[in-house]
Amino acid sequence: MNNQIKKIDKLKKFFTYAILIFFALINIYPIFWMVMNSFKTESQISINSFSLPKSLIFSNYTKAWNAVSLGNSFMNSFIVAGISVLITVSIGSLAAYFISRFEFPGKKLIYSFFIFGLLVPIHGTLVPIFILMRNIGLVNTRVSLILPYVAFNLPLTIFILSSFMKSLPKAVEEAAIVDGAGYLRIFWSIILPMSRPALATVGILNFVYNWNEFSFALVLINDNDLMTLPLSLSLFSGQFSTDYGMQMAGLSMALIPIIAIYLLMEDQLVKGMSAGAVKG
Amino acid sequence: MIYQVLNISLDYYYCIKKLGGNKVINKRNSLIILIVLIVGILFTSSVMAQETVELEMWHAWTGQDAFASEVLLPKIEEFQENNPNIKLKIQVIPNDSYRTKLRTQAAGGQIPDIMQTYPGSEVQPLVEAGLLMDLEGIIDYWTDDLIPRDSLSAYTFNDKVYAIPAKVNYTHFAFYNKDMLEEAGYTEWPETYDEFKVMADALKENDIVPISLGNKAKWVLQSIYISTIGDRLTGIDYLEDVLAGERKFTDPAFIQALDVIKELADKEYFNKDANSLNDMEMRQAFYQKRAAMFFGGAWDIGGVIETAKEEDMNVGIATFPQIEGEVAPKALSGVTGSAFSIRSGLSEAQKEAAIKFLKFFYSEETYVDLLRTGSFVPAKVALPDDISPQFKDVINLVNEHQIGPVYDAVLPINLIQTINNGLQSLTAGEITSEELAQEMQDNL
Amino acid sequence: MEHIYKHKKKLIYLGILPAFLLYLGFVIVPIFISARYSLVEWNGFSPPAFVGLENYAEMFGNNVFWRSLKNNMVVVLASVLGQVPIGFLLALLVNQKIKGRHFFRTIIFMPVVISAVIISLVWSMVYNYNFGLLNNILNFVGLESWVQNWLSNPDIAMFSVAAVIIWQFVGLYFIIFLAALQTVPDEILEAAKIDGAQGWKRTLYITIPLVKDSILASIVLCISGSLKTFALIYVMTNGGPSHATEVMAIHMYDNTFNGMKFGYGSAVSIFIVIFGIVLVTIVRKIFAKFED
C-alpha cells in the first residue's frame, strides 16, 4: 500500500515538474531572445535574429542610455508608476473594505459602478481625457498621467480586493468590535495585514500596467524631460528603419525594475494568514 | 515705459546717495549720475526687449535614418545656435505615433506652432480646417530658382502651398541578387514583364522564392507596387482624373494593374506568408539569400548597399520591367516628404521667426547635404562630387524615369484604407480585381 | 448602539469617496464625453456635425465590424477556456512544496510584463511559414500535413493570435489564484486528507468551492480584458491579413486615428462597453445561480 502511494506521489511530482519546466522554457525564451539580440550589431540582427551573438557588443546599451536620456525616463516612470500605485492601493483598499464587508444602501449600485470601468477601452477615452486635462491646465505634467492611471486601475483593484476581503471570515472582525475597536482601526490592523497576498497582487498588476502604459503618455506629455520609459523606447523607431539593437537593449533595461518589484511583492504574495487569526 | 525707467533710475539714485553720502552727491554730480542711469537702463531694456520668441516644434526624426541624423537634425541645432533669441521647444515623436498624437491634440484644439506634416490627404484636413498658414507670401524664395512649383503639388491646395519638403521619396525599386539571377540564366535584369515571368518561373524551379514580400503593414503593396504599376498602365494623371470624376476605377487599365499584382501572387512568385511579414523580415529573406529580390523604396537604398558590402552580395537596382499596354512606360512613383508647416494664428514675432527657420532649414545647402546621404531632393541642385558611385547609378536610373503619384499621397483616407485592405484580400485570393475596382469606385 | 450605526454610514461613504471621485472624474466623465462624440461626424480638425444615431447604423451595417465582433468572441472564449483553467492549474502545482517555487512563480508571471513588441517579434518567428519553430517541429515529427500559414491564412490567423494572448496572460490569473489559494487554511486541507479525500477529489470538492469568488472574479476579468484587447494584436498583425484578426478595439482605433472618423470610433467604443456589461451580467447571474 505504501509503495503504491509512493509511486503515485513520484508520478505526481514528475508531471508537476514536467509541466512547470515546459512553461518555464517557453516563457523564458522571449526574454532570452531579447537580451541575446541586445548584444548584437544591427546587421547581425537583420541577418539572423535567432543566432547567438558573435561577440558581446555593449554599445547598444550605452547608445540607448544616452540617445534618449533613459536615466531621466526611468526616474519619470518610477515617480508616476510608484505614486499611482500607492494612491490606487490606498483608496482602493479602503473602498473595497467597505464595499465587501458592510451593508448599506446603494452598495450594489456602487460596486457595479466600479466594475463598469473594467470594460472601458482606453483608446476611446484618449481625446476626452486630453480635452479634460487641457481644460484643467494639467497637460504636460506628471499629475496628468497619475490621475488617469489611478482612475483606470481602480476598478481592477477594487474588484480583486473586494472579492478577496469578502472571503475573510467575519470572526476576525467580531472579536475586535467586542474589544471596542473602530472600523478604521479594524481596517488598518486586521483586514489589511490579512489581505497581504491580494495587496501584493494588485500592487504588482498596477505597477506593471503603469510602467508599460503608452497611449496616455504619448498624448499628454510634450516635454522630453517628462517622458516616461515607453515613450523614450519608442524613439528607437524611425520612419523607415528601426534600430533593433538599441531597442532590445532599452527593453532589457526596462524589464529589470519590474522583475525587481515583482520579486519584492511576490514574497508577500504567499505569506499565508496566521493560523491563530482563523481559530479565534 | 518712460515712467518705469524713471522709477528705476530714481531708486538707484537714492541708493547711491545713501552709499556715497552727501559729499559725492552734489548738484552737478547728481545730474550726471541720473543721466547715466537713465541711458543705461534704456539701453539694457532695449536689448532685452529683443525678446525671445518661443516656437513649439514637432517632428518625427528620431535619428535612426541617415538623412535625419546627418543633415536635418544638425541643421536644426545650427539654427538654434545662430539664433539665440528664437527658442525652439522641440518634441520628437516617432513616425508611427505621430499621427495619433497630432490628431488627438488637434481634436483638443491644440497644435504646435511649427510641425512636420505628411503629404496629400494627411495634411488636407488641417488645411481645410484653416489650421495652417499658407506660404504664398514667401514661396518665391523657393519657386524662383530652387524648387519647381510642380514638385510642391503634394502640399498644394487651391493653388496655395502649405509646406516645403526636404526629400523626394521614390517608392519603387527592385533590389535583386545578381548572382541568383545568373544561376537561373539571366545576366541582365529582364526588360519586359513577360521575360520577368519566365525568369521567375526558372527561379521557382530552383526552389528560390522569386520575390520577397512583407505586406503586414498593408502599405507595401500599395505604395511600392500598385503605385508604379498603376501609373505605368493608366498614365500619371489617372488618379487626379478619377477624383475629378472624369475617369473611373473600373477602367480596364486600372483593373489590368490589379491583375498584375494578382498574377504575381497567384503564380506564387511571392513567399506564401507575405501578408504577415513586416519589412524587416522581408529584407531578411533577401539578405539570407532565400529570395532573389525584393521591391522597396528609396529608403532601402542605403541599407541595401551597406549590407550587400558586408555580406559580399552582388546587388543590382532596377525598376519594374515594361508591361504590355503601358501608357507611361517610364513612370516611377514618388512623393515629397519631410516637410514643415506653420500654424495659422501666430503672432507677428512668431511668424517672422518661423519663416526665418523655414528659409534656413530648406536651403540649397541642405538639399546638397541630403544628396550626400543618398536621399533624393525636390530641388534643382548640382550633384556634389563626393557621393557614392552606387548612389550615382541610382540617380541616373531615376533620371531616366518620370515621377508619378504614390496612391496614398493623393487619394482620400477612406480610399487609401480600401485599397490597402483590398490588396491584402486580392493577394490572399479573397476577392477579384474587378470587385476591388468596383469597391474603390463605390467608396469614391 | 444607534450612534455607532450613524457614524458607520457616514464613515462608509466617506471611505469610498476618494476612489469614487477620482474614478468618476477620469473614467466616467470621459466615457460620457465619448458617448456624445458617438452622435457626431467629426474628423478631429473641423467642427463636428451632429448626426444622431447614424454612426451606430453605419456600424451595424459594416461587415468589417461584425467580423471584429466575431474575432473578439474568439478571444473571449479562448481566454476563458484557456487562461483561467491553465492559470488555476499552475497555481495548484506551484503551491506545493516543490523545489524552485520562487523561480517558477516569477517565470510564469513574466509574459504579462514583457512588451508587446518583443512578444510579437518572437512569436511571429515561431509562426513563420518557412523557418518558424512550429512548422519546423511539425516537419520534424512527421506531421507535415499540419504545417500551416499560421498568420497569413485568414481562416486560422485569429486562432494563432488568440493562442499568443492566452500565453501572455496566463500569469495574471496565476497570481490571482495563487493569492486566493493562500486563504485556504492548511487545517481544512489536512482534515480533508485524513477523511480520505486526496489529489483531484480534494481539489474539486474542497479547494475550488473555497476560491469560488476568485474564479468568478477571474472570469469577469478575462471577459473584460478580452473585449478590450488591443496592444498585442496591433503590433503582431495590425488586424490583418484583410481584417482576419481585427478585433473591436483595433476597428475603433483604425477608424478613429487612421480613418479620422472620431464619431464612428466613439460609437464602437460605446458598443464595446455596453456589450461588455451584457456579457458580464449574464456571467454573474449564472454564478449567482451556482451559489445556491
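A, B and C label the chains in the order they appear, each numbered from 1.
Here is the rule we go by: a contact is a pair of C-beta atoms (placed from the backbone, for glycine too) under 8 Å apart; a residue touches a chain by one contact, two chains touch by 3 or more.
Remember, it's a predicted structure, so these values are computed and weren't measured experimentally.
Shared contact partners of subunit B and subunit C comprise A. On a Cα centroid basis, the chain most remote from subunit A in this structure is B.
The interface holding more C-beta pairs in contact, when A-C is weighed against A-B, is A-C. Once the centre of each chain is set as its mean CA position, subunit A and subunit B turn out to be 39 Å apart.
Chain centres here are Cα averages; for subunit A and subunit C they lie 15 Å apart. The set of subunit A residues that touch two or more partner chains comprises 49, 127, 131.
Contact of a single residue of subunit B with at least two other chains is seen at positions 100, 104, 107. Within subunit C, contacts with two or more other chains are made by residues 44, 257, 262.
Chain contact summary for the complex, subunit B toward subunit A: residues 56, 60-65, 68, 90-97, 100-101, 104-105, 107-110, 280, 283-284, 287-288, 297, 299-300, 303, 306-307, 310-311.
For subunit A in complex with subunit C, the touching residues are 8, 12-13, 16-17, 19-20, 23-24, 26-31, 33-34, 49-50, 91-92, 94-95, 97-99, 102, 104, 110, 114-125, 127-129, 131-132, 147-148, 150-152, 154-156, 158-160, 163-164, 166-168, 183-184, 197-198, 200-201, 204-205, 208, 212, 214, 230, 233, 247, 251, 254-255, 258-259, 262-263, 266, 269-273, 275, 278.
Residue ranges on subunit C touching subunit A, taken from their complex, read 8-9, 11-13, 15-16, 18-20, 22-23, 25-31, 33-34, 37, 44, 89-90, 93-94, 96, 98, 100, 102-115, 117-119, 121-123, 125, 167, 171-172, 175-176, 178-180, 182-183, 185-187, 199, 210-211, 213-214, 216-217, 220-221, 224-225, 227-228, 230-231, 248-249, 252-253, 256-257, 262, 265-266, 268-270, 272-273, 276-277, 280. Contacts from subunit A toward subunit B in the complex involve residues 43, 46-49, 67, 126-127, 130-131, 134, 139, 215, 218-219, 222-224, 234-244. Touching subunit B in their complex are the following residues of subunit C: 42-46, 124, 127-130, 149-152, 154, 157, 237-238, 240-243, 254, 257-260, 262.
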